[in-house]
Each structure stands twice: as C-alpha cells, then as structure tokens.
Amino acid sequence: MRHTLALAGVLALTWLLWSGHTGALLLGLGLLSVAATAALARRMGLVDGEGVPLAVVRPGLITYLPWLLWQVVLSSIDVGRRVWARDPGLAPRMLHVTPTQATLTGRVLYANSITLTPGTISVMMEDDDILVHALHAEAADGLASGDMDRRVTALEGPA
Amino acid sequence: MIVEVVVGILLGLGGLACITGAVGLLRFPDVYSRMHASGVTDTLGAGLVVLGLLVWAALGDGGWATALAEGHAEAAKPGLLQSVKLVSILFFLWVSGTTAVHALAKAAWLDGLVPWTRDEEGASSTR
Amino acid sequence: MDPGRGGCVIDALIDVFLLGLLVIVAVAVGQSRNLLVAVMLTGIYSLLSASWMLVLDAPDVAYTEAAVGAGVSTVLMLGTLALTTREEKPGPALEPVPLVVALITGLVLLYGTLDMPAFGDPASPVHQHVAPHYLQRSGEEMGIQNIITSVLASYRGYDTLGETSVVLTAAVGVFALLGGRRRRGAPVPEAEAP
Amino acid sequence: MSVFAVAMVAVMVTMALALVRALRGPTIFDRILAVNSFGTATVLFISVHGYLAGRPDFLDLALVYALMNFIGTLAVLKYLHAPGLGAADLAPPGEEGP
C-alpha cells in the first residue's frame, strides 16, 4: 500500500507539473487518470520495491549525487580528450568488481553509477560480481580502488 | 547580456560535448568502446545543453526568476513549467540512457561479441 | 515576436538538413537487405520526421509520430520480423515499369502542390471556414484547453468513433488470425536469459 | 537568437555523425547504439528548437521522445535475445506464473 500511495503521489505531482492546469474539470480528469493508472499498475503486479524503488530515496543521496555528477564530468572530459587525441590511448579490458553492498538496491545503484560514468560500463551483474568493460587502464584502476563502492555502501549503510 | 554569455558558453560547451561523443562513436574501434563515447553525448552533452536552456528559462527574456523578482507570479508560470520539463527530460535521458547502454552491453556480451583489445589490433575486423 | 520565421540562415539550414537526412535514410532503408537494419533505420526516419513536423509548427502530428512511429511501430515491425526472417529475399534488380509509374506519380503530386496556398498563409481556405469558430469558442464550449482534442473528441466525435471501431476491428482480426496459432504452437518460452 | 543557433548546429552535426555510424554498422549493436545516440540528439534538437523559434511550449515532445527512444532500444534488444517478441504477452494470463 505504501508503494501504491507513493506511485500515485508521484503520478499526481507529474501530472500537475507537466500540465500546469488548475481548472476543476481537468483536475478531476487528471485525478481519475492517476487513480486508474495506479490501480492498473497494482493489478499488473508492478507495484513493489522494484517498480517503485522507495529504498533508493535516502538522505545520503544529497552528498552522493553531487559527487557522482562530478565524477561523470571528470570522466566525460577524459573520454572526450581521447576522442580528439591523435592516439586515443585506448586499452579496453574487462574486469570483475565485487560490490560490498548488502541490498540488491544498493548493488543496482552501484552498477548504474559505473555505467553512468563514461569510461566504465557494467556489462553483467551476478549476485556479488559485476563484470565491467573499462575503456583504458586508468578507468579500470579508478574503479578497482573501490572509492565509488565505498560511497554507495556508506549510502545504504545506516537504515 | 551577461545571461546570454553564460547561456552561450553552456550551450557551446554542451554542443562541443555532443559532437565529441558522436566523433568518438565514429572513431573508436568496437561497439563497447563506442558506448563510452556515446556516454559523453548522453551525460555531459545533454547535461550542459539542458542546463543552458534552464538558465535561459529562469533568467532570459521573460524568464521565471526575472518575472518573480518583479512580482508577476502569473507571468512566471510558463517558465517554471518549462524548467520542470527540462529537468524531467534530463532525468529521463540520464536514467534511461544508462539502462539502455547497460542492456546493450549485456546483449552484445551474451551474443558473444568479443571486445576489441589493444594487442590484437591487427586482427580486429570491426572498423 | 516570432524570431523563428523570416528567412533566417539557421532556418534554411535546419530545413535542408532534416530533408536531406530524410532522403538519405529513406534510400538506405530501401537499400538494406537486412530487415532488422531497416527497422533500426526506420526508427531514425521517424525521429527525423517528427522533428520536421515540429519545425513545420505541427506539434500534434509530431506527438503522434513520436508515440506511434518511435514506440509502437518499432515494436510492431519487430513482432513481424519475429514471425518472418531477418533477411530479405533477393528480388529483381530494377523493375522499369514501377519506377516509371512512381516517377510520374511523384511529378503529378509535385505539380499539384503548385496550386496549394503558401505555407502558413492565413488567407488560405482552410483557415476561413469553421476553423475560426473552433479556435475562438472551443474553450468555453468544451472546457478543454487543447483545441485539437476537442475537435477530435467532440466536434468530430462520430468520425473519431468510426475510426476507432475500424482500428479495433483490425486489431481483433489480427489477433484472431495470429493469436490462436501462436498459443497452440511451441510452449510459451519462459524468459530464459534475464 | 544566435546563442541557440550555435547549439542547434552542434546538435545537427551530432545527428549526422550518429547517422553515419548507423549506416556503417558493422554489427547490429553498433546500429542500435547509433540509433540511441541519434535519439538523444533528437531530444536535444527539439528542446533547443523550441527556444530558437521562440515557442518553448513543445518541450513535451522532447519528453515523449526521451521515453520512447528508451522503449524502442529495449524492444530491439529484447527481440535479439528472445525473437518471439510478445509471445509471453499473447499467452493467456494463467500460464505465466506469478
């Protein structure tokens, strides 16, 4: 029920912010569509911890997201430099990293963070093993140092 | 005037990042490395361009922040709605781009596509 | 007020760019023997044509193109590929008669456009008849802010109802033809590789 | 607005380059990646064009595309690995398990 309510809330907020209408008729129609969508999603079995990932929303995101954003900028610039360089210096390699997060949500967040930063892409994800394609040695080393892993673990740590 | 300069810099850098990603898409040796290049377009390029548009929507001609500062709440509404949509666009581009690239890498890997590596440069046929 | 109009260089550039790419993609789709590649290229074609509709100030058509062209029709074409093969069977190299027919038809259509009113001409007949009424009064008559919606769903309600029943009939027919056979065939594969 | 024109040209160059990759392949994954990149560029094209033409009300369209592009990419990938696309959807609800 918590998830259904959260879904309905997000849907209603989206409806309101994307349309900007405040007339009674349109608000009523909007409410109707929100209710219908939430009910249908619930009936289809989409409303659970995976479909509505409430577990991702944590106070730690406030510090983690800016850090991740900065990493994305840094690695984008690095990849961009290689694109224009006469010799890109590519040495692609596959490597395995072992996530230390306890929950599945945490591991998915970690794998997605890996993919979001250019230079590393998570290819396969098993239970406690992520197969990563790294564009060059530095990207692989940066990932192997486990800095991002520690940050995501710290993010999920205190419940 | 200063707003236009800032917007111009953001849009220019964003455009440069977009082109960079696309050039990498052409130059890099195999599909896995090209994914990294397209990541530059998807993250930095899209981010900077949308950021530039956001600044314009807030502070440009008839932007919402300007309108609010002058006390025209009603005039600020379209700009605010645009900003919300721009943020949503960026959010979806980042979230869905990441997921799509991961799905693509996984599909290619499961399909048995071997990544290009430096030592088999001569043998690489993907170019 | 409308800096996008008025023969700016950038406007001409956008027009030439979009139309040029549309032609290139269309030729490439025709050339491709691999049908999966053709489907991918039609995806690009749809993206381009939606942008083109937007540039022509027809956002409603662009929405439809975005929702149908990029989303549903890709899936439908892939579904079709799943029922057939990925490679096109080689046909005859060049058929002169269809080529001539297509060329003549194209020329006649081009000739026909010469009689059309200029792009965006407010004095053209379509803007004189009932359109002003809809534009000015639909807000108070329907209470819906999107005029296209009120035209489709109310002023032209019976027409839309007819269209919808045609689409429904077609869908039911397709399901009746294809659905039953699929179900009786091989057991439904569980999603193996997750 | 010359500011937006610059971004517009950059986005168009991006689209053209992505199209070249889509035409050249060589693997199907290259083409899917190129289409995905092209889609991102189109979303930016539509967003910037709204501001260039002074009518930024059509951002919804970019929003629709940002979502549709993703669905299209996933549909193609799903087809590649389970060519019976939609087989599970056609099955009666009872057969699918929980």
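Read from first to last, the chains carry the letters A, B, C and D; within each, the first residue is number 1.
Note that contacts are C-beta pairs under 8 Å (C-beta built on N, C-alpha and C of every residue); 3 or more make two chains touch, one makes a residue touch a chain.
Here the structure is a predicted model, which means the values were calculated and not measured.
> When you take the mean of every protein CA atom shown, which chain's own CA mean is nearest to it?
The most central chain here turns out to be D.
> Does B-D or A-B have the larger number of C-beta pairs in contact?
B-D
> Between chain B and chain D, what is the separation of their C-alpha centroids in Å?
13
> Compute the distance, rounded to whole Å, between the mean C-alpha positions of chain A and chain B.
16
> For chain A and chain C, let me know how many angstrom lie between their CA-based centres, rounded off.
Each chain's C-alpha centroid was found; their separation is 34 Å.
> I'd like the Å distance between the centres of chain A and chain D, where a centre is the mean of that chain's Cα atoms.
19
> Among the residues of chain A, pick out those that touch two or more other chains and give their numbers.
18
> Residues touching two or more other chains, restricted to chain B: which are they?
In chain B, residues 21, 23, 35, 78, 85, 88, 99, 101, 110 touch at least two other chains, as defined above.
> Could you pull out the residues of chain D that touch at least 2 other chains?
In chain D, the residues touching two or more other chains are 9, 32, 60, 63, 69, 81.
> Report the residues of chain B in contact with chain D in the complex, numbered from low to high.
Within the complex, chain B touches chain D at residues 4, 7-8, 11-12, 14-16, 18-19, 21-23, 25-26, 31, 34-35, 38, 41-42, 45-46, 49-50, 52-53, 56-57, 78, 82, 85-86, 88-89, 92-93, 96-97, 99-101, 103-104, 107-108, 110-111, 113, 126-127.
> Considering the complex alone, what residue numbers of chain A touch chain B?
14, 17-18, 20, 72-73, 76-77, 79-80, 82-84, 88, 90-94, 111-112, 115-124, 131, 133, 135
> Which residues of chain B touch chain A in the complex?
17, 20-21, 23-24, 27-30, 32-33, 35-37, 39-40, 43-44, 47, 77-78, 81, 84-85, 88, 94, 98-99, 101-102, 105-106, 109, 115-118
> Give every residue of chain C touching chain A within the complex, in rising order.
Touching chain A from chain C are residues 143-145.
> Would you tell me which residues of chain D are touching chain C in their complex?
Answer in residue numbers: 1, 5, 8-9, 12, 15-16, 19, 22-23, 25, 28, 31-32, 35, 38-39, 42, 45-46, 49, 52-55, 58, 60-61, 64-65, 68-69, 71-72, 75-76, 79, 81-88, 90-92, 95-97.
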